[in-house]
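Take a look at these structures.
Look at the two complexes coming up: subunit A is in both, with subunit B in one and subunit C in the other.
What follows is the complex of A and B.
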């Protein structure tokens, strides 16, 4: 029943954020100690003229190019699309949205503050690898609210109290849970009885946790504000919502738990001016040959080298390198002839395509700021799932709102199968339950179905959980000691740049051992 | 970062090993079709993770049919066929005048024969295949006369997936997709999932078609006139183009003979006729309740016709320019008359009409149904031409020819036997 819904949420978090992030919460907690000091790669400098070919210019490819460039290797990146960065894509005025079957251009006004992070959009403080590159490359970061309890919680199915500020639901959740705990204090509810002093401290905490009165009752709280202007009157506090309304509200089940997800703990960070500042940082610091519009046709791992055939400028070409780091989305690899071992191909064939869908609207006015919302996310169980408010360029004239952020497969398909104008129309209609005049503020919009984007055709593509144990160790190891599979796909954190960088770290550490042993 | 634009020096890049590249020797893909290989793989070899089948073994006529099916929504529109919908979007985005080039590109590709991925019972599959081979051939290499594609050489997972789709009505759901409808009916010989897997495994065990087979299968049509099956021909596209006459020698003749024999068998007893069911209650309204077309009749799908200008001096696209609905309808029927005559047909052969009417601004924005009927009854249900088609008439928001264009009619006709 509702328990299932929570499990569903966890599954969703897994799809959206990083599948095994959830699975490995305790691991992640340990990690925080471990990653304060970053792994030192300490790569052995290249001996003579050593060539490395990197397939795919996504974040993992760029980081590999940077590290191996530093170690003195001659690096070539073959990138199939017209740009590097992969899913790290910030859309601005005139940018191509290369959706298969529906290529279109971003219509945002030509202004530096009007952009949308179509791929990754937030960085937690514990993503040490990514943050260390940001620091090294002088990528300016700012705090991103992520959660904002003044933003809205909406449940389209609610019979009562369907739309309120998130804080109402949070305050009442704490109040009711504290009441329950208070009642338990009277009984011998604990395995290990506490001393009277400890009991008193616990009671004190429980009362403070839920803002209970001296009898242990929750009667509403000023934590949700007051019914009248609090500056001029001692207004009455907001009444608690009926418990039944709360228990049934989608936000209790799908919103509140998200605040607790380790990768979404507030505050997060975002690069000033767009997430692609990370890509720009790499570009400034990489001395690799980058061949754009170079589509790989075959991969041949030899005893001492790797040969890659690719098409560029209307011609078939080959490139032979000492090592190959492969960042191509794994869903494409079964369609590229290779001479990998049966086991390696079997592991590669186990990857499953996943998706992610976003809509961005350019709004004529930052109407949300008039509602007291500065950054953060509103939650709804309409298909659009979330609305994100920009936390940068506060009080500017216009702003880009994230009008849909969807990882539910059915809803992704629903939106992907609509024509572009229809996608925007539906998203606007669904948001109107939260902001009644929403549609009237829209200048234009973009939609990004990652499952249909050219040269990508997916997002968060990974080995299914049940086959992880079997195949993950295989794709993590180099094939023929020459070919390394990299990218977020080779991490427990698909869909996160930190996952991509962790895969690079793993690959380069193995590479280093091989080079040192040679 | 340096952008590398010049061709890399060939001498430095020649592969010493090249086991893959030597085997394939792929030719460059025209830039406008490179995106096809993104999903379907190098040389369109197929990619299961992307649910994209191998295309490089398929015949040109089948590829044309399927591209058109996707474009017209006959394929990929079923709400549960999400992968088909991805292809539909890509197919719809192809400019109309590049379809033939697209097919030419696909047939120019050469890819390795796929490895079997299913573990079906080949012997059981072989028994089931008996009912498939009537159309697809005992060798599974397809038959253009029957519009049955080559299935040998196809990825087994894709064969299984498509059979499942046919069984679940996710493919062949559109009555206009007569080939698909036929295959959907045929798929029901399979009782369950194991039947599907077994037959797909048997198909995977068949020798894949070679280049010679592909040409032979298309050339069959040149020799045997289209005798069996519903041969769909749209007036705007020539779907029965045969491949350039590359001599293919003995295998082709053998194939042609076999196909011709099969075509004869199937066409025996096929009478080109239509049965027209009248409206109930002795209604005199001049349309048929339904029209039945028997197998063995060629169906012709005629594109929508729109009116010519009635007054060329008026503002182009205006109401005055085209005239009222009656005038416009008469103009449409006049255009049909010459177009139909050109392909040896007349109004009496029409089995289904769809009439799109735009609200007349001079009639409060309502469609002038009476005006249309006045023109219609001069062409259908008359003494000279008594045949009545099934028909739908719909009011729509507007047509491409400007605000004054009030009518478009499309027609399906059954070709009489010569």
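What follows is the complex of A and C.
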């Protein structure tokens, strides 16, 4: 552990002078971000019969089709699979789960509340692009709990306090941190820059943060509830756990990054009835030719057009368009013959294929509600990683639980190598440490290994961090002024629909400049 | 500021021995509280024609009527006002706001999504009693955001950083606290009880808590977002605010106690369509005679019965019943002649009348959604105290905002003394520091000064903390084995429906023992 020099620390906390304007309201109003605010695309209307081909009917492809259709272009979407939406996939009764070599069907009961978002499942309030489409297309939204302080944190290796309500860890963490900070106040660190009055306020702040007593000591807090009834008597507060138990708990490796991350701050939102209501919204509003089961075989960028060869109905076909927007997962692109420049192909080759694994269980009873848990996530360091509880259709008879949500590659591989019944069995076993009777509630289950899903074979595929500066400027610009890479993959938000839409916005703004200049 | 001795601190953080069993799962599963778990009332069926009179048709009265009706008692509810529900009041188009000397009507448009919960508005997942009634009566619930890190924190007195998204303060608070705590790690405090390995883990924990760099320094965090676009580039993180600006901000006096309090932990819930759906649920399921506009004039507890005199239709009437459950606001009780024991009346006289003040605005546009705010609360130290944004009917045209939520007595009085148009004007002015164009969106507004509402004249009325031990045991026991005080007022949760229901549970359990023993 390195030492922090006193000088560094003081410099950091001392009152600065003129630079403070930055903290004023004017900037603060923009905190949710420069270009995250909606840009007006203001696309120039198509001049004559202009053709656009879009490769891949994921969210980026659909948004591009919508915008260019509005501007009067003739749009064709070539989609390799049997449906549009890409990873925006909501599973219901009877739906095909198109896993490579293991096609299977969702066994959920045929009821509108029994569905599972197999891909994206959450929308933050600052994802303005996606929200504006939801508004425009009348996609009904509801608040999603996301985090729930009453849900569980579990550490399979803990010697003590391995399973508790998250609030218990959160309150104790605040308490112990504040207690440590209070100790630092007693040192001579602040004698110079802080006035006695500010020092008093700082002490107040520290004590309030952790609910310390007047001696700066943390002795537990009613923030975690009481040991007994709190309604009719003043039950004693829960004892704090030992510091070692607290700091050793795995919760911090998963819970804090989730709860404090800008994209996961509560509350989030979800479309009522499933995330694919976004796809339905696009479908209702898009004027384009959609060719399903069309697999792209080659891409040729010419001076005035782009020619795409694709297999469809057992035949090889070609399509020549004025412009091409390419939403194909980057992990497939190196396998598709093209005439891109060496630089462009080098950038495309830099993408790393990632994965994501989800399991969903239909539960006979909403047992979590009897534990006081309505929505939110339990965290564990078992391979299943998280358990999500549905926050919609509260008090219904049955519900769909997310029984595993895994992005650790080793754990994805572990689960992917098991046959489906084994995947479900292991996931249920691992959850039993949190909910002892978990397995007894299961009606049936599904698994979605995105790294094995046909026509996708990955999720969150992206350029490695250390190559961002080198390759992002290349993939975010059109090739030959005719071919635009789109999708979350060319954004800093792989796995988010907003990343996909940001890529579309950028592509279309460049497209518009080119068209206007022509 | 007092000094914390090193010994005290070490004792606190050192690993304890055998007492650790307390942190194990078995207890943890009960963390949400002893008697907050549902008790089975198992009421003995009424023997013959037994009469029960319930004074006051608030939630406690309704729940008592339901339970005793189920057990076969003949139940009469005497309610002073024109409706049952008490403070569980949802205001819609045309509803009477029965303020003393200022009766007025709600001007909201006649649309199902335009309503305001004038009383209780939130249900935590651990309020098991209320939730069990919601489930039993098919009251549809949805997740309520309650807190929203993207909503605003405002300090009218701040010299800098007076208005920002809450996440900005939260992230910086975590950062600075962790930085202070890290300093304490550098001292010799831990050389004895913590192993080097644990010390390393503690440092990891502290750094992760605040997002410190490897030198234990806080230099801002992406948890607050970025200065520019984060979607397509790696925009620079927002600068931290100066420590003085952070600790001086009023947000901590309001935000922390709200966000960390056990009853306000996100997520909460709300009935779809308004909190009065709980009242409607009771009404659908209660078999009782309800007499509205019946004002109790005297209560006489006899050996085998209770006689209540009341005014109704301009006449004085009496009603004699076997048992009486009294839900009348405690601030009225000293004015109602009775033959209670001296001790019982002394306890009743100890109640202190409290207040609550709310303002609701119908807004022409849901402007907050354009700021990325979907549900939740903004905090300010203007008199209005809080602004609540609706989380239901997202992206609808109009919405009802809670424009003031005040429990500070001075501020309640300030607003109560103004005529209605002035109340609305001042509230709009105070909100303009947060939303500059606020006033321009207002269609109309309502105010609910609970301290001036007929037949209520208060809210959160309760026994002062220092007299809890003395008087709670008295008011929670029946008088003469015939008269039971009920309502949130005889719980430690005044202002919460769950407190009201806990009082009912306790009264009925005692009632049942008496009946069984008889």
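We adopt the following convention: the second predicted complex is superposed on the first by the 478 of 518 C-alpha atoms of A that agree within 3 Å, B and C clash if a C-alpha of one lies under 4 Å from a C-alpha of the other, contacts with A are read in each partner's own complex, and residues count from 1 in each chain.
FYI, contacts are C-beta pairs under 8 Å (C-beta built on N, C-alpha and C of every residue); 3 or more make two chains touch, one makes a residue touch a chain.
All values reported here derive from a predicted model rather than from experimental measurement.
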Room on subunit A for both subunit B and subunit C (clash or fit)
fit
In the overlay, answer first, second, both or neither for which of subunit B and subunit C A:287 touches.
first
Is A:203 touching anything from subunit B or subunit C once the two structures are fitted on A? First, second, both or neither.
second
In the overlay, answer first, second, both or neither for which of subunit B and subunit C A:102 touches.
first
Touch test for A:376: subunit B only (first), subunit C only (second), both, or neither?
second
For A:334, is the partner it touches subunit B (first), subunit C (second), both, or none of the two (neither)?
first
Does subunit B (first) or subunit C (second) touch A:82, or do both, or does neither?
neither
Determine, for the superposed model, which of the two partners subunit B and subunit C contacts more residues of subunit A.
C
Quick one: smallest Cα-Cα gap between subunit B and subunit C in the superposed arrangement, Å?
23
Residues on subunit A in contact with subunit B in one complex and with subunit C in the other?
none
Interface with subunit A, subunit B side, in the complex: residues 1-5, 7-8, 10, 13-21, 23-24, 26-31, 34-35, 37-43, 45-50, 52, 82, 85-86, 88-93, 112
Residue numbers of subunit A touching subunit B in their complex, please.
76, 80, 100-103, 282-284, 286-292, 295, 297-300, 302-303, 305, 307, 309, 311-320, 330-339, 349, 351-353, 413, 416-417, 451-452, 454-455, 457
